[in-house]
């Protein structure tokens, strides 16, 4: 039978590459939804031995809800309400971005192999995915001009960090309360960013972050 | 010590009184002056014991759980307290009529308060006995003097002066902090006493780090730049205190640190001596070149600091070579010159203030003939000038003679010390000559001849509260000149705190002092005799008066008089490489020439060098570096990533 | 007692010698020249006259002559003539003396400035400048003398044991000193080539122009002062040239005045064979004298160790 | 029930959203006072944490809590009148965010669990964002955007850092509750490599928030655009909270025997920040930005002092207190000046001493304070740090330290003098009011008071917060 974990992670990686290559915002948002779900599913299947308590079940449901529905929904609304021009307007071209993504992938594999960590089986795959996702998030934030793409980049970064967290640490000493808090912060953060996004749109009738550059020395 | 503290409290009360009661203007001034004079008198009575019996009294208290503020009053401190407690009250007395602008009451009150604060902090600097207390009061001193300089903040020059002064005190303080912290890191104790336990090479570093700080306060040559800005900017009573007393605190720091380090290395003396020679000569040369009365006096402070340093340097070399006659007379001369300079320099500044207040003219070439309209100011100023030129029978000569005496006894040394001593003597001679030249210029152009402008005509003598201090100071100049024994002995008393110095026998000192006194009195006698002679010659002689002989020119005008500019030019020209003369001459280019103007300006090379070599390059570099805050959020995130990568390489 | 006598002789004979200079000059110019006692006559004439004071002047103007006269007199009080001890003397008196000369100069200068005349100002400026330079030479001489004798007063120099003299050990160095001091003498007393007392163009004068406005007894005092000053310097050189160790003081005195005469003659000769140098060359002239003495002083490092 | 300290303001804050602004102002003031009272009670040890595996009353936390609370009282008094004189569209939101800000910051100071700490700090970012944006200008918008994005990214990295630290725990097979207190007990068994990596991410993450160069880029924009009370809070309180995160981790490192490593990092960041502050203060045209850069420089000093350790550590903590007092006072005075002249440009302002004499006193006194002169406390703290640095024989660092101080002094001096004494053509818009002056005076007086007489309890608290990593004060 195929290893579910592996396939989930592969899908995540795929979503990363797609997000780097996608030229339409809508598509990007949908990809993020997919990625969110995948990321929040991962720990379920990593717990090969772990028996999930009821609390865990609820927690993961909420998680999927937020990462997969709520946040993408917010972004969707943002894109609709703000009526942003559909193109993404990159600093670095799409093909170049994809190549960069591949480079990042190789880089993260390299790192993972060199860490010589005694991870449980399959975990190094998680690590690879995590690092790739993070790096790609940074890449999006730097290589795209629109504010909304930066939010998306930030989301990817968070996903990556979350993956690393799940991959590296036993959950014995981080209780769900804490993770829930993290999640909440993330949610609020995205909401606020959305609001600002809205205002930026009103102020500059574009969300290109290169246009407001009056604050400098 | 208690009386000392009491005096400070009384002084402080005066300052606070000024702040509180500034609405009743005259009452405030009177009360303030009364209190500060009372405080000073108490202070003077407090320093008699340490100065005469050499008793050292201390006071100490803990501060913020971890520090202790300790002050000790020994003979050296006591000696430096003399000018503080004599000049400051006179300056305050002077300010009664000098600060008579009734629609700036609060400002005057603030000025009084900070003057008091300055006095107190100076007194405490002179007695501070550990690192913390020294630095604390030192900073208070700088701060209060800064506010005094800013008194006339509405003028652009004043603001510039205040800024420059702030920078210099700031940097100087930094160096002193560094020096003392370094010392602490080796002695593990905040007390000055422990300085002697440092290794020698560290001693040298500490000394020279601190020297930068003290030098910037004292106005040693390359660090003197703030003086000619700050002294003209400040009101004259303040300039009198700052130039007369405050810059001496730098000297005090140098001597005290040297004494505490108990260093006997030749390099200290040689460096101090060299600095003294440079400051002395260049100071007086620049003074010759300046035409703003108070700027000129400011540069003379640099010159006199130079003389003091020469004395100190001679003393240090004497200690290093174990030539105690040289050492003790050098140090004594330096110390005595501290006192003398504080007397005649404040006298001159007060006189300049009177001239300024009555004529509103700074440029000396616009003045003239003032001695007829303001005789008291003129005569006191004349006495001050003769004293600062170091001519007998006035006090300036006494201290310079002691330095000469020490220096000549250093001539028996061999090698480098011999050369240094030669240069010390020669530079003293040059400084003396040039100072005489400069003050003959000031007296001649400002007070003698004919007034060159309308404003300079019939300016009256100032009110008695302004003339009285001048008269007192002028008298002091003469008294010290004619009865020097007591003061010389006091200076030697002050030396007892330098443990490495074994002073010469009292008889030798007394003989020298007596000889000086004898010469001065002889001169006076001869003077009065020849005055008598002249009287006799003029018995029943016809004395008529007419215009000055114009060498055949029949239409003399006040414009024809020799100006200070031309008077000094040939001398300055002699020092060409060290001074930078800018001449603007309209020239005569038509058959019937119109108004021609000729103007020379002497620029300070140190200031120019600082500006061109240090300040502007730094500003340029910083301007380039400001690129990093360019406003691109993408790159800002890039910074973060870059930082991560760099740091991960460290593992 | 004898000190007072020698002093009196000096004070009285001082005005004679400038007359000698005039005689010499006239002789070399092939003229008859004024009588030998001309200066006495001048002084007496001036003392008999009254004075005219400029309206611009103040009491300073009257102070000038007095102070310069007094200071000049004091210098003679401290000076040993021939083998006789001076009236007053103490360790370090030379410094005092040269500073006392300084105050005399100071008052002459401000008296000149008091008149407000452009020419007198010019003269004053030159006076202070050149005398400052000359002072350097003098103090270098004192340094040298201290190296030689370890003393700081005229009497110790000239009548103490190990006295300074051309004929003694290390007298070679003193040749420099004599030449230098002669140059200083010319400068300080405003003789050719530094200044020309006989010129009639005020623009080129130094000392004479400063006393343009003085008249009557004031001028007499100034004249006397300048005689004494000249006498002082010449005597200084004389003392260096010859050690007056003869048993009979009379003979010493004769020799002393003989040499003094010689010096004045040489001044006269210099004045008649040399032209007055350009104003801007004078600093050079003085610095030359400084260089000579400084060289000598540095040599002592080698000689005495 | 020590959690009240942050629950109270959060609750009242949410409440004020419903209230009218006039009432809200009073609530703000009352809450501030209550908060101060609670803080004092917690100092007396009356309050004990209920959720002890998340919260605890650590001495350093209490110290910063006290500073924050005191400053907040003054600032709330200030904003009491400030709010009327400025055009804040949504006053309830302003009040609410101020209170939430206070709440979250108190939570930071009390939290003992790394990730709770993280949550709290992230929360401060989110609740303070509206404060910066309150004036709704384009510039404010940009500032807010940069603030939120950069800080969120940075703090995300901090979270990563804590994950690494937990990893270090796993590799050392430790099964202890993940709180700083318990971590400190087992620190030596942690895996050093991952601890180092974790610290790097933590210092970068919280350093972004604390304003350490080169992650400081958001700070000048935010401080200059926020309304003055908010700027005062950001600079006087928020930066300390971020510092607390770094400090707790640094303590962990020291106990784990990696103090050398973390100390050097702190020193490096400190010096860089000081230099950056100096670079931008000289020739700065906007006085609020100038104050912001001065905060960067002072954070640098604190980091430097902590990195040096020993005696300098004590100085660093003093510096935290005095910097908060002086800088918030300065921001409040700057607010008065902004109200009075209506511009942030240094060139267009002059003669404060004539137009706003009482503000001048506070403003110039603040200047004297931040340029490290008596009678203000920074004089002591900077001196102690320097002495400490010399004690450790770090001569090059100390030379750079002095150089930066000098440059900053020069730059700051120019600006303050031209503003206070120079000429101006502008007319005065708003007169100065006592209620807007009292707070800045109070803050300055507090600094002076602490410089003359320091209460034993404060002294001992500082000692307790530093003695665990060998901070000494005996001299």
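Letters A, B, C and D name the chains as they come in the text, with residue numbers starting at 1 for each one.
Keep this in mind: contacts are C-beta pairs under 8 Å (C-beta built on N, C-alpha and C of every residue); 3 or more make two chains touch, one makes a residue touch a chain.
All of these numbers come straight from a predicted model, not from anything done at the bench.
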Chain-contact steps, minimal, separating subunit D from subunit A: 1
For subunit B paired with subunit D, centre-to-centre distance based on mean C-alpha positions, whole Å: 44
Length of the line joining the C-alpha centres of subunit B and subunit C, rounded to whole Å: 36
Approximate Å spacing (C-alpha centroids) for the pair subunit C, subunit D: 79
Centre-of-Cα separation between subunit C and subunit A, whole angstrom: 101
Subunit D, residues touching no fewer than two other chains: 145-146, 149, 153, 220, 280
Junction residues of subunit A - those touching two or more other chains: 141, 150, 209, 213-215, 217
Touching two or more other chains - residue numbers and ranges from subunit C: none
Touching pairs among all chains present in the structure: A-B, A-D, B-C, B-D
Touch list for subunit D against partner subunit A, complex: 113, 115-116, 118-119, 122-123, 125-126, 129-130, 133, 136, 138-139, 141-146, 148-149, 152-153, 156, 159-160, 163-164, 166-167, 169-170, 175-178, 220-221, 224-225, 280, 284, 289
List of subunit A residues in touch with subunit B within their complex: 91, 138, 141-143, 145, 150, 209-210, 213-217
Subunit B - residues contacting subunit D, complex: 64-67, 132, 135-136, 139-140, 142-143, 150, 153-154, 159, 162-163, 166-167, 170-171, 174, 177-178, 181-182, 184-185, 189-190, 618-619, 622-623, 625-626, 628-629, 633, 636-637, 639-640, 642-644, 647-648, 650-651
In the complex with subunit B, residue positions of subunit D that touch it: 145-146, 149-150, 153-154, 157, 193, 196-197, 200-201, 204, 208, 214-215, 217-218, 220, 265, 276, 278-280, 282-283, 314, 353, 368, 371, 373-375, 379-380, 383, 386-387, 389-391, 393, 398, 402, 405-407, 409-410, 413-414, 417-418, 420-422, 451, 453-454, 456, 459, 473-475
Touch list for subunit C against partner subunit B, complex: 47, 49-58, 60, 62, 65-67, 69-71, 73-74, 77, 88, 90-93, 95-96, 99-100, 102-103, 105-106, 109-110, 112-122, 124-126, 128-129, 131-133, 135-136, 138-140, 142-143, 146-147, 150, 152, 202, 212-213, 216-218, 220-221, 283, 297, 301, 305
